[in-house]
Amino acid sequence: APVRCSGRFLSLFDYKTEKYIVAKNRKVGLLYRLTQLTILGYIIGWVFLSKKCYQETDEAIQSSVMTKLKGVSVTNTSESGLLLWGPEDYVIPPQGEAVLFIVTNFIETPNQTLGYCAESPKVLNGQCQKDKDCDEGKMVVAGNGIMTGQCLKKDENSNGTCEIYAWCPIERKYKPQEPLLTNAENFTIYIKNFIQFHKFGFSKSNVLEKTDNSYLKKCRYDEVLHPYCPIFRLGDITKRAGYNFQDMATFGGSIGIMIRWDCDLDKSSYCHPQYHFTRLDVSDSKKTIASGFNFRHTRYFKNAAGESYRSLIKVYGVRFHIMVHGKVGKMSFFCDMVLLYLMKNGGSYREKKFEKAEITQDNTQEDEECSD
Amino acid sequence: APVRCSGRFLSLFDYKTEKYIVAKNRKVGLLYRLTQLTILGYIIGWVFLSKKCYQETDEAIQSSVMTKLKGVSVTNTSESGLLLWGPEDYVIPPQGEAVLFIVTNFIETPNQTLGYCAESPKVLNGQCQKDKDCDEGKMVVAGNGIMTGQCLKKDENSNGTCEIYAWCPIERKYKPQEPLLTNAENFTIYIKNFIQFHKFGFSKSNVLEKTDNSYLKKCRYDEVLHPYCPIFRLGDITKRAGYNFQDMATFGGSIGIMIRWDCDLDKSSYCHPQYHFTRLDVSDSKKTIASGFNFRHTRYFKNAAGESYRSLIKVYGVRFHIMVHGKVGKMSFFCDMVLLYLMKNGGSYREKKFEKAEITQDNTQEDEECSD
Amino acid sequence: APVRCSGRFLSLFDYKTEKYIVAKNRKVGLLYRLTQLTILGYIIGWVFLSKKCYQETDEAIQSSVMTKLKGVSVTNTSESGLLLWGPEDYVIPPQGEAVLFIVTNFIETPNQTLGYCAESPKVLNGQCQKDKDCDEGKMVVAGNGIMTGQCLKKDENSNGTCEIYAWCPIERKYKPQEPLLTNAENFTIYIKNFIQFHKFGFSKSNVLEKTDNSYLKKCRYDEVLHPYCPIFRLGDITKRAGYNFQDMATFGGSIGIMIRWDCDLDKSSYCHPQYHFTRLDVSDSKKTIASGFNFRHTRYFKNAAGESYRSLIKVYGVRFHIMVHGKVGKMSFFCDMVLLYLMKNGGSYREKKFEKAEITQDNTQEDEECSD
């Protein structure tokens, strides 16, 4: 019993290892080694060479986008007369953001003043047959003003619309037939994109170093001929996204411009942007009632008497959304060490393991003499 | 020694495997199999059915949001008179973005011209007792203009404020008591959201296919009755976020509208948006001095002589931030293979492992005869 | 044979375990235990204490940013006369977003009207020698208007420019020498940032609770003295980003303001914002032709006759981009359990494993008596 006790205490310093069986059969052995080689080949070939696992990557891209439009278009309508549209007018907002709207079509309602007029007959809740239908002081749902309580009719028997307090005359309701800014597809957008990866202290611009000013004045982006020209023709963008610009221009739409940076800092020459274009406002159901993109904005004026009047401008157009993605890879010290370890020390480690086992065991199968 | 050497060379083709002990005890065996079954059940039940591990997922959602407000409100103030506010006025910016500000309250300072006037006594750094307190040519910190070097006082003994070059008259400083756009909570916001998952070539809109135009003209979002109506009443949004619209409307605030898409492409019918609402400008400390949201904008005019004057409009309101999240899942070929492999080949694989061991070992415990 | 069959059936309930060898050698045993202790120490020290693995984290930060500028500047130019710039003028857009542009320099072209004038000689495609060079009805590429088909020359032999239909007079082309809003570096930006982590129901603001109104009226951010003051002087921001404000102000640029939240909810006091500043529009190539940031906007007016005229304002300035990152950590129940399990049950689990093995094996190496 006392022997056992001291044994129990001593067993704290026992070394326990799994017992192995060595099968001395060449066929099985060959198969076993082939399997090992396959796994090693897979690790080196796929993980290291194809997936570049030896590289440390940084996907936390920090990006800044600035845009500038060029091009003008003339429109001639009965309401607005002959008008020249420059970037300061057709880019909304004008400040060169990564999300920008380009006017391609518009309906202007000039010289609106606050006052009393009849609601549009196309507004469902503005229709009336008697004064009681027009709830005084309430707004017309989806309408243009506040009801005064009067129903305006041409004659006793016809249907009318409620009188409203609004900016009069109210906007004509009609579907535009074709885009008024006919030249919009020839406008160009100059996209300046600066990226930074802090982990590696790496920064770059899509306006490549070799680019000179004269090149920027003439070039237009083309996947094959000018893949690094940062100036894009609007018509080309929609075409690359799979749509016709004139079709989109009438009612408006939304286009995504993706800039992808896949940088390999080990090959110092390789860090170039790639551009992709896609229409964003589409869904699987082809004919959607939700298509198109428009909004209204105003310009306020005052006459000599200090009274306000305004122009209401409903604009249709294409919204561009510039999205930047990317990652950068660089030879990693840690990965390097793992690689070296696997290559160099793999064998010696294995030897050590067996050494330990050999210390106390002299008659196990692992120490069998090589006798067939 | 030469025998050992050739043995070392040959040992390259040895097959080494762990040695197993088989315990022939029914109780232990049953426990062992039960444990195995539990693990298998867990894998099938939890990983495959509950977590849908067999599905490949894409979380790189590409989203486009367009918004449109409807509704009008009338205000009547001494400075601005009777005014009608439509979406073109109260939505800032007006272009239907995913981030938009709705005016619910305002202070207008009309007919400002450039000139000389006294700084507001509420501006700390604008107060003075003598001319020396007003540093000529320096701006008043957090003030409205540039000091001229004169201290304007009512009489010799009272405190005064510095004379400044500014847009005069300067804005009155007072805290609004209640929102002027009383009807703002009845405004509606129509949110069009288009999503795309490129991995599966899948796109969808929150304006569902079955939706017809007449439904869109009447419906209002309701979790239970109209969960797929894309039109939201502002008052309902703040209520769902846990706040009263009129409380937020006086000083302004910020609301997040989250659209969550969880799509299972294997069940083709299941891909619908879910809406959540939360107030963004709150912190754990209930009474924060940082609450509220306002900013100033201007409208510039010129009189007949070409001289500029302007209206300064301080607007309070609610900023809405529409955020889209989502992922899509589809039966994965790879996962499918893993599943099949586990089910079909699990057994045969086990058999092979033991076959190998049996080749050279005929007297180990694994080959014990079945004799109790 | 029948005995084997029933044996095969019974073997379904066999318990199979790996066979271990216990090496009774104190040196090896000590080494073995030391290795175990090292691993345990590593787990507790590095994983738990340094990496805080015991904490559950939430990186899905929900953030809302509001900004407000203070400060005025006076400019005096021949075109615009004496002008006072307040935040309502120099912040574009004015609505206090997380991305905002501050005007530091400008070129105004007042009183433009639609009409006919000569294209700028600096526009490449506007130069001409004869009328045929000016393609009637076509826009001048990168120019200001639509060509009328006439070539305007001083005399027969000189080069001229095409006559265009445009907003005349067209903008003078010149490079500004120094920023006109000389006071812009003293402007201050007040950044209100609200964050939420839904997983833990945690929300906080960068305007800390202890902050009182009088502190907010005087404080300026300083890494050491006022690290939690949310008010930043523009000149300090660019300095911290490593650039001189006056250099950036002439042609414009882009600055990123990063707010980092690293919150440990177990130490309730520790959840403070950290600010970092970086210039975004830089690339490794020092002298880039892409530097600078400017855009044009307009103000429209109407004269007494109702004819439109406008001011075209080209503004240069600094765009600030406020980015919020963060994660929050909290003691996790799951992790806690793993910890407890490792500490308490580790031993008993080991015992159980050996119990099972002992049931049927009485003469294996594991049961060796302790006799050296």
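Things to note:
For clarity, chains are labelled A, B and C in written order, and residue numbers in each chain start from 1.
In the analysis below, a residue touches a chain if its C-beta (ideal position, glycine included) is under 8 Å from a C-beta of that chain, and two chains touch if they have at least 3 such contacts.
The chain list, named the UniProt way, goes like this: A, B, C = P2X purinoceptor.
As the structure is a computational prediction, the values presented were derived from the model and not from experiment.
Rotating chain B by 120 degrees superposes its CA atoms on those of chain C, with the angle stated to the nearest 5. Residue numbering at the chain A/chain B interface overlaps only partly, since under half of the positions present are found in both copies.
In this assembly, the C-alpha centroid of chain A lies 16 Å from the C-alpha centroid of chain B.
Contact with two or more other chains is made by residues 18-19, 93, 301, 304 of chain C.
Chain C contributes residues 18-26, 28-33, 92-93, 99, 101, 114, 124, 139-146, 165-167, 254, 256, 278, 280-285, 288-290, 293, 295-298, 300-302, 304, 306, 312, 319, 321, 323, 369-371 to its touches with chain A in the complex. Listed in rising order, the residues of chain A touching chain C in the complex are 3-4, 6-8, 10-19, 62-64, 66, 68, 70-74, 82-84, 86-89, 93-97, 111, 183, 186, 188, 192, 194, 196, 202-205, 207, 209, 211-213, 216-217, 299, 301, 303-304, 356-357, 359-361, 364.
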